[in-house]
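Below, each structure is written out as structure tokens.
Below, chain A partners chain B and then partners chain C, in two separate complexes.
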Partner chain A sequence: MSVQLDPQGQLRHLINTEGLPRDLLTRILDTAESFSEVLGKSVKKVPLLRGRTIVNLFFEPSTRTRTTFELAAQRLSADVLNIDVATSSTSKGENLLDMLRNLEAMQCDAFVVRHADSGAAEFIARNVAPGVSVINAGDGRHAHPTQALLDAFTIRRQKGPLEPLTIAIVGDILHSRVARSQIHALLGLGAGEVRVIAPRTLLPRAIERLGVRVHEDMDAGLEGADVVMMLRLQHERMQGALLPSEGEFFSRYGLTEQRLERTHPEAIVMHPGPVNRGVELDPRVADGPRSVILQQVTNGIAVRMAVMSIVLGGQGEAPTGPIEEVAG
Partner chain B sequence: MSRIHVRGGHVVDPACGLSEPRDVYIADGRILAVGEAPAGFTADRTIAAEGQVVAPGLVDTAARLREPGASRKGGIIPEAQAAAAGGITTLAYPPDTRPVMDTPSVVELVHSRCQAAGAARVQPLGALTRNLEGEYLAEMAALRDAGCVAVSDGGHPVANALVLRRAMDYAATFSLPVMLTPEDPALAEGGRVHEGETATRLGLPGQPAATETAAVGQILALVEESGTPIHLGRLSTARAAEMVAEAQRARLPVTADVAIHQLLLTEHNCDEYNTEALVRPPFRTAADRDGLRRAVAEGTISAICSDHQPHDPDAKACPFADSEAGLSGLDTLLPLALRLVDEGLLSLAEAIHRVCLGPARALGLPAGTLAPGSIADIAIIDPRAAWRVTPESLRSRGRNTPFIGWDLAGQATATLVGGRVAHPGNEAEPSRRQL
Partner chain C sequence: MSETDLDIPQLLDSVAAAATNELQAREIRSPILVGIHTGGVWVAEALHERLQARPPVGTLEVAFHRDDHASSGLKAAVQSSEVPVSLQDQPVLLVDDVIHTGRTTRAALNALFDYGRPSQVLLAVLVDRGGRELPIQPDIAGTRLTLPAGQRLKLRGPEPLRFTLEGGPS
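Showing the complex of A and B:
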């Protein structure tokens, strides 16, 4: 994954959380912390990326993710261009490389890429012109690094340093880019123990090689966990004979108040959204006191600002002292 | 037809148990003698082969030439020439062309283009089922009459076991060898890499080893009952090789081949989404690779092929999911087979056997030997000629190979097809391969 770092070890692209040095991961979270303060003010904008152009290149529709990237770029004063490729040229047979060349000719500085194929963001990163950065906004089953970073940021804010924590990731691990990126980010930040919990049909082979403990029994997997990260279950998993029904999934792997009692008494509950109520989460848990799901959404903007500013900002240092605000 | 004296080479002919310095005498397109010159023999041409290996021309059980149907990727003439330059004198051409080789007209086109090439012999494999759809039998008798030496599923496994059973029986009626690629399409479920660590890490849908072993099990059950001889092409799992060994011990008429790259690479060659290592069947674990190597050494797998699949650059310059499977293998079959000798896996005679006699027998061809009276298909090989694989070093139109950057040893200095020098051609070629 050396494509992400330049020869000086600076972050040039963000494709995955795998292999990122711990100090870099920490710096992203620290930078997000400082932006988070800005976002609490009435004027929520800084001029760090004034004059820079960021292209949201979405080959797969996702209003939520695109909106948070767009907002993050605007808060940094960058110009934003949204290209919805799902209905655009590649479906007309245009080659992806040709399309990239055309977009580069417009002199943009970064692509935020969402694509249904694993490896698409890395492919684009390997083929963009020097000086152009790529931020992966989700590629197939492979990676969703900004989601994983905002999750780590949320955990750190709620629970402090990750070293003593036991974190359980529950649900459709097999198809989840979020889970893969969470595993790499959390272990990279020194989390004490990361568990994955799923029925065998939703566990990818050799997942333990990524450094996690595997549980097929939900109750055992939740025992003493400090953080429970639920994943979204796609309805089409019933068609592929991976699961019999959403009801049976909920009965074995849904997070209920009763199951939550197995965890640490102060455990937090997370979900990348949107929640399938009654499938992954009992609504009482989703809306309950342990849930930090809405904080995740808010933190998503600060973390994406941090990633954009580090990737595009040259030095990539966290802003020190008061951040200059944009007048008006 | 000229009379040729191949002088001073080290003759390796496993069919005759021969591996020693000998002269070879050729007349009228056939081997006249090996050893002493026949009385009154005068050569029109003498090829100095001192310090070189004189072997039967290589026989490749699977090489796609991309014509008709995908001439931007290859072509019968350029690929047959690339084969000859790689020491290959016969290659079997699977029927998944467009249109499919399920009628004599496509077979005749391939034959006429092959003759125009004047290079390696191209043996078209007839389709086992109509349009390779696995539903209706192809007209195999007509295909045989048109010159097909065998029939094949062309990489489109017949999903319905009943159709497969009948196709095997029908082919046996006409003494046509049946070449099958064992893959259970339902278990593959769109997985294009091995279901293992690399697939999990990269988030790519994987296919389990059972994709292959389940299909092998089914095919062997049919062979057990019918006694119809079959050849299993491109094994990728150690377990499938064991199953073949068990079947052979039970005296079932089963042979098998493996693509040379499966003996050298693993799933990890797909790391970082390396589309050049996207092949079908996929690269699997190191244990699978080692099991396949053992099976080749023991002779369970009697043939090593190139599984040549040339592509245009666009086919690989895209995200993994959009990329096309297969590598360009004609240029590297010989030196990679010799690498197995350097690595101590095979003796030189065994390596020559696996790329000459083994595949010839699987195809039912009288090739792969230098016995007097045989057709003079000969590869004269400098086993120490070192070259680095670069896109420019490849003679195939396909430059798609994960072996780019490898330093290899061994190349054919001359290739004779039917007693005619098919390589090097008349035009002086620059020796672009020397390091």
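Showing the complex of A and C:
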């Protein structure tokens, strides 16, 4: 039984996009659409989570992800606590579960967890008190579900329904929690074709089993693609000689204006950020008209608002079915 | 679920007539109609035609302003609000299909004020079914009736509009 869904099929934690039912994925994107409207108003705030407390528990630094989670929680009127654990009491030997118990004793409602170890968010989800939700903000090489959902949301806003689309994910798939979560989210939402483009050394074994097409040659992989999702080359996760050099990586897998001509004429270019300019992406492409990198950042807030408001909804009593509008 | 014999065109006519009188009495020429998703939007559009109101119909999603999120969660199909004109210093005719506890109206008023400070807000509903839990009353109601608390009166639409009753008396 997945830790993410309760027996009624409601989303209690968001750990991974793998195995989430399509209607739930769609519901998250639809809810995000409605929050986008809220964010376009002069009053960019709703009282939905007034009185609730969300803790950003970051065991690995990530200013950008933390900031968008923080802003999303504030737009929902929640109180936000940022805990940067690298500088906190785990260094004094307080163990993780003790720390969670202490935070729960302060009546926190949700933990947003970023950790360098795969499985950390799920471990915390299995050990929190009932009624407390966990949202995975990236764990090791495992998953980064809100990034994948905001990417899917951006694609849907830019290109419409995913069914007819060909989407290419390019770069260091092996070390990328983003790629894994993207593949599950996009296929879960019914994307037409998902390709991964990378050298063999940067592909997980048996990646084809997830339902993607593998291309080692970038030009062939980009042919006719509607969406190109570039990944960040993870210097900090690289061990040994998987790559000859960044220069050679760029010459084979960097996205240039010339390579972009292989794609569909209206293809969009995405990147989870921060961009290594000149390593994965030619700066002219990153800042060019096809790039939707900044829209991804904006959309990230609406998507995180949607996830928070769904996992934190209905904790008081289990709803008996899908929640419908109640006249009154 | 059962159909009701509520005559929607007749209710709409009667709300439109009462609204015209009320707006005249208040010397309001051009109110901004704002419908509450989903039923209220259909009613607002029908009234917009009958009142020959000029400003486009605004729509309001109140899911993010409800008071039962902690117990009931977010409904599955959240719509988007769309208020195409500024409400600042403008008269607003807020429209819903049914008023029951008054909680939706409370949420709608809060949502509305995120778009500016209207000069005044009137509330029009097709059906007032009683059962109020808050001190909120409609200015205009097509009809008033009493239903058992466990029953839900729901407007189905958009074409044709009809009321259904769901759930037995509790």
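Everything that follows uses one rule, which is that the second predicted complex is superposed on the first by the 309 of 328 C-alpha atoms of A that agree within 3 Å, B and C clash if a C-alpha of one lies under 4 Å from a C-alpha of the other, contacts with A are read in each partner's own complex, and residues count from 1 in each chain.
The working rule: a residue touches a chain if its C-beta (ideal position, glycine included) is under 8 Å from a C-beta of that chain, and two chains touch if they have at least 3 such contacts.
Computed from a predicted model, the values in this text were never measured in an experiment.
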Mind working out whether A:A148 is in touch with chain B, chain C, both or neither, as first, second, both or neither?
neither
Have a look at where A:K41 lands relative to chain B and chain C in the superposition and call it first, second, both or neither.
second
Which of the two partners, first being chain B and second being chain C, lies in contact with A:V228: first, second, both, or neither?
neither
In the superposed arrangement, does A:R205 touch chain B (first), chain C (second), both or neither?
first
Give one of first, second, both or neither to describe whether A:V292 is in contact with chain B, with chain C, with both, or with none.
neither
With both complexes superposed on chain A, which partner does A:D30 reach: first (chain B), second (chain C), both or neither?
second
By residue count, which of the two partners contacts chain A more extensively, chain B or chain C?
C
Across the two complexes, find the residues of chain A that touch chain B and also touch chain C.
none
Complex contact set, residues of chain A against chain B:
1, 3, 18, 95-97, 115, 117-120, 122-123, 139-143, 177, 180, 204-207, 209-210
List of chain A residues in touch with chain C within their complex
10, 27, 30-31, 33-38, 41-43, 45-49, 52, 309-310, 312-317, 319, 322-328
Where on chain B is chain A touching in the complex?
195-197, 199-206, 208, 272-273, 314, 317-322
State the interface residues of chain C toward chain A in the complex, per the touch definition above.
37-39, 61, 63-65, 69-82, 97-104, 110-111, 114-115, 131, 152-155
